[in-house]
Each structure stands twice: as structure tokens, then as C-alpha cells.
Amino acid sequence: MALTGIQIYKLLPKTNCKECGFPTCLAFAMKLAAKQAELSACPYVSEEAKAKLEAASAPPIRLVTVSADGHEAKAGNEVVLYRHEKTFYNKPGLFLRVYDDMSADEIQAKAKPASEYVVEYVGIELDMAGTAIQARGGDFVAAVEAVRAVSDKPLILIADPDALDAALAKLQEIGIENDRPLICAADADNWQAMAELGKKYNVPVTVKADTLEGLADLTEKLKEAGLQDIVLDPGVRNLSDSLTMYTVLRRLAIKSLYRPLGFPIIAFPGDAEDEDKEYALATMAIAKYAGFVVLDRFTPARAYPLLVLRENIYTDPQKPIQVLPGLYEFHNPGPEDPVFVTTNFSITYFSVANEIDGSGMPAWLLIADAEGMSVLTAWAAGKFDADRIAKAVREFKVEEKVSRKRIVLPGLVAVLSGELEEELPGWEVKVGPREAVDLPSYMKNVLAAE
Amino acid sequence: MPIEIPKQKWSGAVREAVIGATPEEGGTRKKKVIVGGQTTMPFLHFEGEVPHPPVIAIEIKDRKPDDWSPLLMEVWGDVADDPGAWAKKAEENGADLLLLTLSLTDADGNPNTPERAVEAVKKVLEASGLPLMVFGPGQADLDNELIVAVSDAAKGERLVLGICEEQNYRTITATAMANDHLVSSRTAMDVNLAKQLVILIHDMGMPLDRILIDPTTGALGYGIEYGYSVMERLRLAALQGDTMTQGPMLITPGEEAWRVKESKVGEGVPEAWGDWKERAINWEVTTATALIYSGADIVIMRHPESVARVHAVIQDLMTAVEPA
Amino acid sequence: MKVKIIGENIHIISKKVKDAINNRDAAFLQDLAARQVEAGAWGLDLNVGPRKRDGHEVLPWLVEIIWDVVDVPLSLDTTNLTAIEAALESVDDPSKIIINSTSAEPERLEKVPLVAKKYGTKLIALTMGKGAIPVSADDRVNIALEKLIPRMEEVGFPIEDLIIDPLVLTVSGLQEYCPQCVEAIRTLKVAWEPPLKTIGGLSNVSNGVPREMRPLINRVYCAQLMGAGIDMMIADPLDEKLMEVIRIIEERDDSTPVGRLYLTIYDKTAAMEEVTPDDVDMNDPEQVAIWKTLQVLENKVIYTDSYLKM
């Protein structure tokens, strides 16, 4: 586990000599924790502390980047098993696979729409990471060329070392900037040749073995050969063994700090015998620790939910998605209908909006800018107070929309009602239920009854 | 060089719950469902016991719903006016158990009545031998009125009764205790609240093995990450020995997934959303499977194709694998 | 070293205080001020809310009538900077005023330190920028090091007069923030030269908790914060049991079993060690309640409103 500032501080001399360029040892420790400073800047650190800090400073899972043109798929650098413990950082890239025994036309017809696919979700554009190309008795170089003719996104190349060598040379010849594919796969037999390719072209290499020892053995060999960017394929192809092995690999890397397996994982849902199983494996890979995901089947209706799942799982639990502040309408509200107010924390918005929508009754929902916090958190932080609510009422010209000026506060911040009355002269300030789920009955039994 | 497999040592376990009673046990169900009992996080067979698979309940209604997606009505439309026929069809479509949700009103807009609710429950119990859960429409007073009648009428069946919420749990808990049923304890995506309501229900005298925890969730794209993490946190707490979080978890991906635009609406949506039905089924399947990975023991779903796909997922996940 | 208590009771959230301010009922407020100081408050917090319309009149008046009866530092707790300036214009000795507060939000950080510098007041600064409140101790400390302090240096505000508030948040709903705030205090104490002063709003830790359970949570968290080295707390000096815990810790009074447990919490927090069941007499209900509270505040057991009954 990465050390916190105070943990690093305890290993430093604590003299505040300032020779590192920072005013205090703690300030230096914070920079070390954030990897924005080098330990060598401290002339007085003990050898013992140095050893401890160096062991703790290398990421437990190495960051591996596959790139092409301006596109990147990054995996690794993860630090937790469960997202609530911190966050998951690098979203696994989804790659659609084509085979070299397909014709160039077939390859392009498959690869192009997936490569170009973009879908918008809460204002973010989601897309596929790139294309995987696998040898299956055809012309591998020609397949790579066919893909490159329609896509400048990152590639995963799966073939024997000779075919890979030719394909990598071809990619150099094509000359897309930063074209750095992932090559698959080094095994007990071919690892030397794969290591040579990795070094010759400076590309990451996947190692494949059916056992943890086999994988560790291969990564050690590749490291000895001078390779750092390694990806693991534990050879699992069903849900249960995938969950087991991915979990064990993640634990070994993060909890046991077992360096030989401190690399990202590649998953091959595309190897599944049918589309439903492929989809299930992809869901698993996204939720449970894969760094690269290779698929054989692409439709927008499959890609969209998988990409959204990835977005959701990789949302930083501390930095929630926000919705746009504004005045939202439900069931064509009129000037007599009530105005509800809440924060722009997405889950707060969704739960309130769902309930108001579900009530079937017309209403306005005013979303104030509370910097993406939930009602109670925002209130505690001073981001959801009478001042801000009144500001939102003015900013979104609510008074032009309603004649009966009724505003309903979330029950959790009933304390604001007095101040809000001060801020909004002429408004009737009401206190709604504490939980969104009670809104429909509140609307029916309290508001409608008035 | 042998690698030591990292295993967590947990002090706690998920509590087992039995839903449904057979004739020998005082009910009429032809089978019962047992959930819980795990001594590890989901499906890590190498570390602990996973004695029972998660189960899938299909949700049916006491009358034709007004607001369900047309895609659902394509499947259930022919039986939606008859809860008995609907129950039977749900059983044929792979349900492990059934959830009957009672409507707020009848088709003409008159408030639902205890008589109608009991009639619907009886039809379901006669038509299908599966264990049954019955939830009120979600309005405190009416919920209590309907569920008490249902509870009395189905004494001994070991139903799961809902919805117990912080503001309204006493009446339903009391009637469930009196008639040997279970309750579902629902709170809004928050570990503190989830635990607190279990405590309150247990304080009334309800045995813990008859309390299911419904921590609620958002659908995929609509806050699922909160439900997902709340469930993971509750399950971790359970395994660490926090007795009030050890109940099996029940979750409603069907309801959530089928009320979002992606599933409900076929026209006027972005082209990148793809084929409507394929997308809608994937939405429900993804919501349900993600929640199974985070600890769900009972998932309540709506579309038979989704149910079949999630069953296949569960079956695969129940295969014990020793890491090597 | 003693922890300085800033009395929290003159707060607009209390209806009586609000009415007294609206009616300019000096006697009521003076009594409340005097009682807090008598009970051991080192200073007083005056929270008047935003008071857009008349803050610039209310706050000078309030400062004047309070200083008529007690001679202690005053913390002016409002976002209304105009009101604060009006108060500062009206007093003879602004060095006994604490502005409460600035944050790392660009707009506030630009203006508030300038006012503090101009009048020579002390200044409370929250480790909170724009966006969500940081959970981790390191993130909070980084805000102090990277935003708050550089700005103070930029405007020439003395770091000795800066008081960092790493934000105490409620255990009811924001439980994971509680131990992190303790760590933030600890980290802040070694973060700078000269050492930073730290402050926390103690009662915030039990916001939203059923009323009867709040004092115990406040007491246990108080021992933790003191162990981490906090300098000041905005708290309720009229809470006798709280003041007793502070006395026990400061005088190292180990004459009672419960007192010894509070000292253990204080000492172990200071030493970055864990309090264990061995430190607690599980046959003593009072100690068990303290232990359960500590478990909850350390985020080891999920908080619920009935955690004490479990």
C-alpha cells in the first residue's frame, strides 16, 4: 500500500533542515507521497528508511500504456480491492477483435464502426479503446494494414513472434505517432523471442500461463531480459475461474506486494462460445480488475451498457458525477405547481427526480450548485445554504415560471427554512420529507391537499 | 517457487434465511428457497463456503401495470390481468421465487383493498408452488392495511413481506412475526441506515434470520455505483462479525433498470444507444449481475430473457475453483 | 499544553439566540457570553449567519455588547465579509478578533486574508476548496500546504496568526471522515515552521445524531482530537462532562477508571497506537459505551443511531 504523508514523515530525519527545497520534512513527505518529489533530495535519510520508502513507492501494479496517435489505453496503478476504499483509477479499455483469416473488407466492416463508435453519457463521451487482431491462419500483416486503414486507435496484436515482428515492422512503416500496441502472448516456449520483440519495438508484452507460478516465472524472465511493461493472461475463460484468478492476482499485487505479479490483467471475453457468456465475462472483467478487455462481438446496444458500467465502477466515490444546476420540469408543470430544491449531486438528483417523476404529478425541481455534494454533506460544508438556494432561484428565473411561490426544502436541512424565508421574501418555504422515496406521498398528501 | 494464495480470515458469516414453507412445515409451497450462509465475499469458493447460490425472483403484479415498458408487456401482456396466470408463466420462465407487488389502485383508479390483495395472493399461491414475497405499493397506510390482510391470510407460508422502511416498519414487522413470515428491510443506499433499520426491526422481537436487507440501488448509469459499494461495505462488515449486517441482501435491479429511459423508450433516443430490446435486456442483466458481484442474495427481475442470462451467470459462478 | 475552548453557544441556529439578535436583546446574549466564559471558554464564537441585509449593523453591535461583559477573543463566524469589516472598524483591538473563516475557494481566499491582514486579526482557514470535501488526511493537509499557506505568504499574513480547520464532519453519514480528521490534525501539527495552529468544530461530529447521544460522541472525539494535538476547539463549555474530560486529560487525573480510559484514548492517539479491548473494563457500562463510541468514531463499526445498544 502507498504510504501517507505522515507515515513517510516518520521515516525522515524530522530536522526541517530545508535542504530538500521544502520548508519542512512533512511538506517534503507530502510531496513524496504524491510522487512529486524524489527521495534523493534528502541528504540525511537513513539507509533503512530509504529501503522502506523505495519498496513502498513503486506502484503495486505497474502502469502499462497502449497507445496510438492521440489515443491511450492505460491499465495498472490500482491500489485497492474495493472501490469505496479509495477509487479505481484506470478504466479498462475495450478492444474489438478481428482475425487475419477474414478478408480486408470483412475486417474493416467489423473494426471501423466499433473504432468510430462514440456514445454520450452524462456529458462524457465514451468509446472503444481500439482493435485486437489475432492470427488464425491468414495474412497477419495484411490484417494489420486493413485495420490501420480505418482506425488510428491502439492495437492488441495476437500472433506468433515471426508474424508479430513483421506486423510491428509494418506499423513502423505506416508511421502513426505513438503506435505502441500490446503483443500477445509470451509463454514458456517463446518468451525469449517475445522479449526480443518487446525490446526491439518498445512495446508491452502479455505473458500467458495457466498457473500463478507459470505467470510469475515468465514475468521474472522478461524482467531479467530488460522488459518492464508486462500484462498478465492467466488463461481463465469462465466466470468462476476468472473471478477467482483476477481476485487472487489483485490481492497478491496489492496486499502481498508480490512484485512478480504486479502487472495489469488482460481478459478475453471474446473467447466465449456464445454472445451472452461473452457479455457476462465482459461485465465481470470490468467490475473485477481487468485492465484490457478483448471482445469478439460489437453492437451499440452491447457497448453502451458496458461502457456505462465501466464509468460507474471507476467513478471516484469521493468525486461524484454532478448534474447541471438548473430548473427541471416534470409532467409539464404550471405556475401553480410546487418547486422542489435539492443539490446537483447526481445520485441525489436521480433519486429525487425518479420519485417526482414516478409520482405522476407536475412539479418543478430546482437543482442548486452544491459542487456535487449530497444534501447533508453540502449543508455541512456550507455549499447548500439559504444563500445558494436563493441564488439558484434568481439565476434560473424561477419567479418568472411560478405565480404560487412555494419552495420545498429537503427534510434533512429543515434548519435552513428560517434563513431561506429571509432570503426569499414572498416565498412560502416548506419542509419536505427527509428521504426522496417519501416524496410521492408528501406531494399527494401534503401539497395537493393544500 | 510456490506462491502463497492470499486468503482472508473472516470471523463472521452471512445468516441463512429460509423462504417458503412446504406442507410438512405448515405451508403449501412445493419447495423452499434458502439463501445466505456464505463465509467469504461473493463466489470466492477457495476462501470460504458459498452454500447457496443467489436466487432470482420474477416480479409480478396484482393487475396489469400502467407504467411498464412495452417490451415487458410484450412478454407478460397476455397474463397481466390474472395474477395466477402471471405467476404460472413466471415460474415457467425460470423464477426461483416470486415477488407480487400490490398496486396502489385498481384499473379504474379506486384505492386497492385488503380483499383484492388477499384474492391476488391466493391466486398466486394456488397457481404456483414457488416461495412468494409480497410488497405493498409503497404508501405507508395502504401498505400496512394490505400487507396485514395478506399476512393473516397466508399464515405459515413463510412469505417475505415488504416494504419495511424507517418511517413504516412496525405494523408489517408485527404481522410478519405473528404469522411466521419474513420481512424485507429497505433503506436508501446508506450503510448506516441499512444497519439501523435491521436493529429497529430486531428490537421488536423479529428473529434476525427472518430479516432480509434491501439496501436499494440505482440502475446502471443511474447511481448503481452507490448501491454496489453500499452492498460491498455491508457484506464486508457482515464477514467481519457485525451481526446486524449479516442478513441476506435482496435487491431490485428489475424495477430500477426498467424505469430508466434506456429501457423504457424506443424512439427519439441517440442512435449510439443501439437496438432497443437488446439494450433494455442488457441494462437489466448488467444491473443484476453487477449487484450479484457485490453481494446480492436475491435479485428481483422482470424480463424472462434477462432472467435466463443471469441464471447462467450464477450457475457458472457456483463452480468452485481452486486457484493455482 | 492546554486546548483553548471557543464557546459555540451564540449561534443563529438557536431560536432564542436568533430572536435575541433580532430584538437586540443585549442582556440575554451577555448572560450567555458570561456563562460560557465562567465555564472555562477561552474565547467565544459569534455565528450570526449570512445576514445579508443588516449584518454590517448586527455584528458591530454584538461585538460591542459582548465585550462590555467579557474580555476574551471573539471569533466572527459568518460568510458576510462586509459585516466582519464593519465590526473590525468599530473595535479598538482587532488582534483579539478571529475571522471565521476563509477556505481555499479562490473567491474567498482572495479577499478574506486581505481583510485579516489589514486589521491584524487572527484567521481560521478551512481545508476545503471548490468541489467535494476531501476525505483523506493527506488531501486536507495538501490544501493547507498548497493553497492556504502560499496565499498567506503572498499577502504577508503571519502564519502564527493562521488557524487551520481541517473540518470535523458528522459520524452520522460521514463516518469515514472522522478518523481522517484526527489524522489531518496530527499531520498539520508537524507540517510547517512555525508550527500551524489547528482548530475544529467539535459538536459537528455529532450533527444529526439523536440528541441524547451527542455529548458522549463529543467527549470521545474530543479526547482523540486532543491526542492528535489540536490547539483550539469550538465547543460547548456549558457541557460540564465535556469540560471534565478536558480537565482530566490536561491534569492527567487518573483517579477514576473512566478518567484513565480517556487518558488512554488520548495517549494512544498521540502515539498512533490502537486502543484495544484490553484497555477497557467490559464490566463497566460507562467504559463499554466509550469503547463502542470509539469504535464508531474510528470507522471500525458502522454507525447507527442505536450503536450503543448493540
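We call the chains A, B and C, going by the order they appear; numbering starts again at 1 in every chain.
Everything below uses one rule, namely that a contact is a pair of C-beta atoms (placed from the backbone, for glycine too) under 8 Å apart; a residue touches a chain by one contact, two chains touch by 3 or more.
Here the structure is a predicted model, which means the values were calculated and not measured.
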Most distant chain from subunit C, judged by the mean position of its C-alpha atoms: B
Geometric centre: closest chain by C-alpha means: A
Distance between the centres, which are taken as Cα means, of subunit C and subunit A, whole angstrom: 37
Subunit B-subunit C separation of Cα centroids, rounded to whole Å: 45
Separation of mean Cα positions, subunit B and subunit A [Å, integer]: 29
Subunit B residues counted as touching two or more neighbouring chains: 233
Residues of subunit C touching at least two other chains: 173
Residue numbers on subunit A that touch subunit C, as the complex places them: 4-6, 9, 14, 16, 23-27, 30, 33-34, 318-320, 371-373, 376-377, 380-382, 385-387, 412, 415, 418-419, 422-423
Touching residues (chain side subunit C, partner subunit A) in the complex: 12-13, 18, 49-50, 52-53, 79, 128, 130-138, 141-142, 145, 167, 169-170, 173-174, 183, 186-187, 190-193, 204, 207-208
Residue ranges of subunit C touching subunit B (in the complex, touch as defined): 172-173, 175, 301-306, 309-310
Sites on subunit B touched by subunit C in the complex: 190-193, 195-196, 199-200, 203, 233-234, 237, 242-245
Complex interface listing, subunit A residues touching subunit B: 82-84, 117-121, 211-213, 216-217, 238-241, 243-245, 247-248, 251-252, 255-256, 258, 261, 276-277, 279-280, 283-284, 287-288, 299-306, 308-309, 311-313, 315, 317, 346-347, 350-351, 354, 358, 435-438, 440-441
